[in-house]
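Each in structure tokens, the structures are laid out below.
The two complexes that follow have chain A in common; it is paired with chain B in the first and with chain C in the second.
Take a look at the complex of A and B:
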């Protein structure tokens, strides 16, 4: 068991902190420049090939998109979006996969201890051994990424190729990208790359170009450059993604409260015992001879 | 049941902690092994188009005498000047080209008017092609053009090479197509 593991920064469903944090690793990050994506889908095939995922039947829904949505066996999907912009049509392609949030909603929502972990290098991963397949993570994810796998009864999603990045390799999708719209490196490096590209886009007529690194989830380890940065929804991205309020209330308030209530009950019971002591033997007094049944 | 005092106390503490929600998250988590950690890497060229990207074929085992090294993974070659590690979706799927059960393993013919492909032997395939080449050349041969100049060309045929053809094969292919009078020809000689 101890052969192939990585230190954990954060883990699901833990109340009293964590044992990790001894080492500090830079957050690894994936840069996506949607303005130079040509929709060739090399990243989709690279993902399927590397992760040995089974073939998923494609769905023709009137566009070049492989499937309508991410799938438990298809973790990387190029979304083809057509939008009317002024009097022109814009064709926007975005690589959709797990965003590997700094504050992951899936991890917050997960009730199974250790089923969703954030490794020391920032990658958010599902541990299939601990996953109970309840799909709460899907409800906690503002990007609708984790999918339920019927075959295994577990949740599955992009791992940012943690098996590769752990040994210093880039993710399979990034390596394959022929146009170079994908890059891999530390979060800092990818952010500065993205800022440079945004400045370039602004100078060439895309005044609204922006980096998509939403603060509502603490930023993401997927740094996306949008030519139409004022309309992330055109790309199928939420404008201001947040961890759902229900999840926050449950995990931030109700769960600790419940924990305290249980603890309080135990401490109270023990205190009651200390204060009042054992329930003493109560002498019922002499019995009424009439009720003994001996008198005939 | 043989349970030491220490094990009993440990189990009790852990069990109690879980029951009370006193779970401390784990410091480490497991993940998938790097599946290419000890595979043999062999450089090759992608067979799909004339761009000729460099690929690395990962095969099982370390080339020891008793190992049959089937291809388990394919990646772009980062040292190759053409693609520098990248690959297109077709190139990414070369493993299937090598190992997919549905790939072609014998010559096939779809006869005129037919809607199905039939498997034929190599001998039959070559004889059939030779027959068609001869017939087409006889039917389409142009000795002189409109101005009366001798051209000796055969516009009824074309010749297209494959990107993995070697120089020697391309030399022969070029010679043969010139002999047939074929003017529409491309060897894809870019490797």
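Take a look at the complex of A and C:
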């Protein structure tokens, strides 16, 4: 990467795994305190405005929630959940977006070299130039985040406003938050903020308050404070997210094997060429335009 | 704001947004600040995070505020008086009130006339026919010898205010609160414990409220109940305390300050009445008298009314206003009866402006500036029918709203056939806030100058340019053709550089006021304090002899010789309490917390040394700008300088519906009044009675309905905004799960809701956040819906007008409609 671009720490479909390492950057992190989020959706609008995302069609279908789920053109969504908890009612609101895992399942699942990268500061990003739109990343994500964009044929998701954070600005969502339930900084700082808030919640009647930073994915760059920390599922979060076994196998065993197979094939082909020479090649003809980008 | 003025002296939020961070307890009731004031609400969150403050939400619905509250209690819409007086009773009976404060800073010791009484839901002096009180019996006892107020410092005299209040609220037991409000007793007691924990010197609590309190036929008395509670707890005047009215529009406080109501002129001077035929009579009637001197000394600051009024008249008519012509008093319009907005539309609809015996035809035209009465007025069908009777309608707006489009309203609103509507409609394109300079006065009374961000589109003109050009055209007509009372128009002082579009900083200078002659220094008369033509430093320099002019006395100090103080942006807060004295300008006198003298005890020491409002340093008051003569030693004057008594009023004899609040049901009452069956609703609420003003009975319309707003939209004018439509795409009703089950309504299904006025259809959002309430042993349902939609937009974002269902019933003090409680029936479509 160029000097003023972010150095890539990890890249999809790279046999060598870690590419970078010349520079040591702290992991940037977004802090979300669900106990002081009022679900105003300023972050939803800010995300769209900053990222130049056009409006998405919505209908009022019996909820305050804008959409049932994240969308290729809607990377930031407050999830509303009203439920009874003992004899008290709760109306939980959690800002959902890419969690920017330390061990990103999407990156591991991605077969297209360089289509998903993890920068030196921990941000996990999709590189549209390299993305083939196969949606394998979605199957690798335990949070169900990356979405396929019909229009571009690529996968899209929150970039943690990489263009802002690279130059020292907080992501647009954090900038827009009126109550201060969102913060941005290094992971260490955000964790210590979260621990402080959890201690306060515990002291004011929320004995199960906890920081959500799941170890199954190596922790996330999104640090979430949950008043009901024993029930992340109430907030629409998996209790113990893991990179799916299939993806792990693919990454750890099958892909290197495949690489060897390909290498063998190349060596074999080269030898074949040496011995038998070029016989010309057959033009497969133009592809059906509809087929483009709909691999998944 | 009528109740805050009646209780404390000024009609404004007592503290400010930032100050909320200083509270130990934040009670959100009659408002849903997380939803409607998300940016200001950050200070409630800040109090939680930095002080461990308790956030308490009391609301018919489990709201966005309730979602982040430490404690939530439901109550039936419209029963807030019962809940709040229950809190007052709890504070008194459990000795949770701040006794030293109550004795020092309230009228608790004042003895009340023996003629005053309250029986079976009615105060003395009611004329049931006219629906008016004669307030003469609601009076303090004067000491026969000294002619001063009779006081009982022990608070034991059964006729003293404290004991009368105690007796009055004694009926509001936790059991009675449960019977009336439907709030389970245990939940009420939990709230009572937390809220009254602030009745000490060491702790302080704030109340945040909004239209959930004002929009009732007893709205003013609901707020009075809260003001009484805060006085009992000693929470007024202190950082982190107060009764904080959250204004919903960015400049609504400024609009009120500038005389945006028929009853007031700029700076809360009263609009002259027809009976006040001379300036002297007007000043005599509106300048409060006090039994000043003994034993209760008071500044009675409104005694300066003549200075404020004459300076205002000089600002309006300039050199033509002289002592000989009563400074132009005769050119001011006078009121021969109420001219509230509700009355105006009633006049229009009935085609008659009957006032004080004179029968006059109704208005023939209306200029509607920056408002959308078809959507915002009660009983939309009547609003539309009223406009259809006009000859002309001028609407100044940035887009077409329901008001200029009233003739296109769907048939179900009872819209007359278009061929029968003769109203000529003019829609003048105006600028939006970001397209012009000027100032906003926020809820906290901070006037903050802002600069144009974008150029106005197309032919849009600045509002004040439209006004100026209208004025100049009318003046030309008077010059050419004459007319009734031409002086009123021809003599107006219009000394602006560009008369057709005055520079708003010139207007602000005029509002601040200037010397018209050399003003002598009161300390040394040989010196000149202000030379003629100089901007004044503040309202203390105003004079009643015509030597000063001032467009609005409370804003004096906003634009001095030092420049435009509303444009200041110094983010320094040396005390750490969020006062920011060099940020903008807050009226009056750049004071950040009103009544701050009450933040200190009798010796001038702060109740809480960690949260100092002001303190007496032996020579003067230091801290915030003192709400007191700066060098008046403690004990010289009472803390509430705007009131003739000098103290906060637990008993306030100035309102239309009683010196104490009382629980009355809404005009459309879902149940009988549990306290007095004979008097269910307010005996003096103003109920309009045209053929369009139908009221429903509980037998036919058994469900209580309320209306509200959403974070995602702003009033009626964001339904064109694509981004906001995306996050809240359309109209819906919120229906309790149990009611939905009973009626067989599924989430997302279409239902119809009707009142005696109209019927609207929409989607049901079935929720647990509205609950059935047990009221007086019976189960009662409440539903609600947000207001943001209308017919002046096409496509999926059009929706019914919320106020098609609401009634033209208004509070007798402010004439604010009862939007928050009315009766409906719910049907599956």
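We adopt the following convention: the second predicted complex is superposed on the first by the 253 of 296 C-alpha atoms of A that agree within 3 Å, B and C clash if a C-alpha of one lies under 4 Å from a C-alpha of the other, contacts with A are read in each partner's own complex, and residues count from 1 in each chain.
Rule of thumb we're sticking to: contacts are C-beta pairs under 8 Å (C-beta built on N, C-alpha and C of every residue); 3 or more make two chains touch, one makes a residue touch a chain.
Keep in mind the model is a prediction, meaning the values are calculated, not measured.
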Chain A as common anchor, with chain B and chain C clashing or fitting: clash
Which of chain B and chain C A:152 touches, first, second, both or neither: neither
Which superposed partner A:42 touches (first chain B, second chain C, both, neither): both
Which of chain B and chain C A:175 touches, first, second, both or neither: first
When both partners are placed on the shared chain, which of chain B and chain C touches more of chain A: B
Touched partner set for A:204, first chain B, second chain C, both or neither: second
Partner chain in contact with A:119 - chain B first, chain C second, else both or neither: first
First, second, both or neither for A:129, with chain B first and chain C second: first
Contacts of A:89 with chain B and chain C, given as first, second, both or neither: second
Partner chain(s) touched by A:60 [first = chain B, second = chain C, both, neither]: second
Superposition clash, chain B against chain C - the stretch among 9-17, 63-71 or 135-143 that is involved: 135-143
Overlapping contact positions on chain A, where the chain C interface meets the chain B interface: 40-42, 44-45, 49, 178, 180
Contact footprint of chain C on chain A as seen in their complex: 35-42, 44-45, 48-49, 55-64, 66, 82-84, 88-93, 178-181, 197, 200, 203-205
Sites on chain B touched by chain A in the complex: 20-35, 37, 73-76, 83, 85-89, 91-93, 95
Chain C - residues contacting chain A, complex: 34-35, 38-39, 41-42, 45-46, 48-49, 52, 62, 64-68, 70, 72, 711-712, 722-732, 747-748, 763-769, 796
Chain A residues touching chain B - in the complex, by the definition given at the top: 1-2, 4-8, 10-20, 22, 40-42, 44-46, 49-50, 52, 113-114, 117, 119, 125, 127, 129, 159, 162-164, 166-167, 169, 172, 175-178, 180, 255, 258-259, 262-263, 266
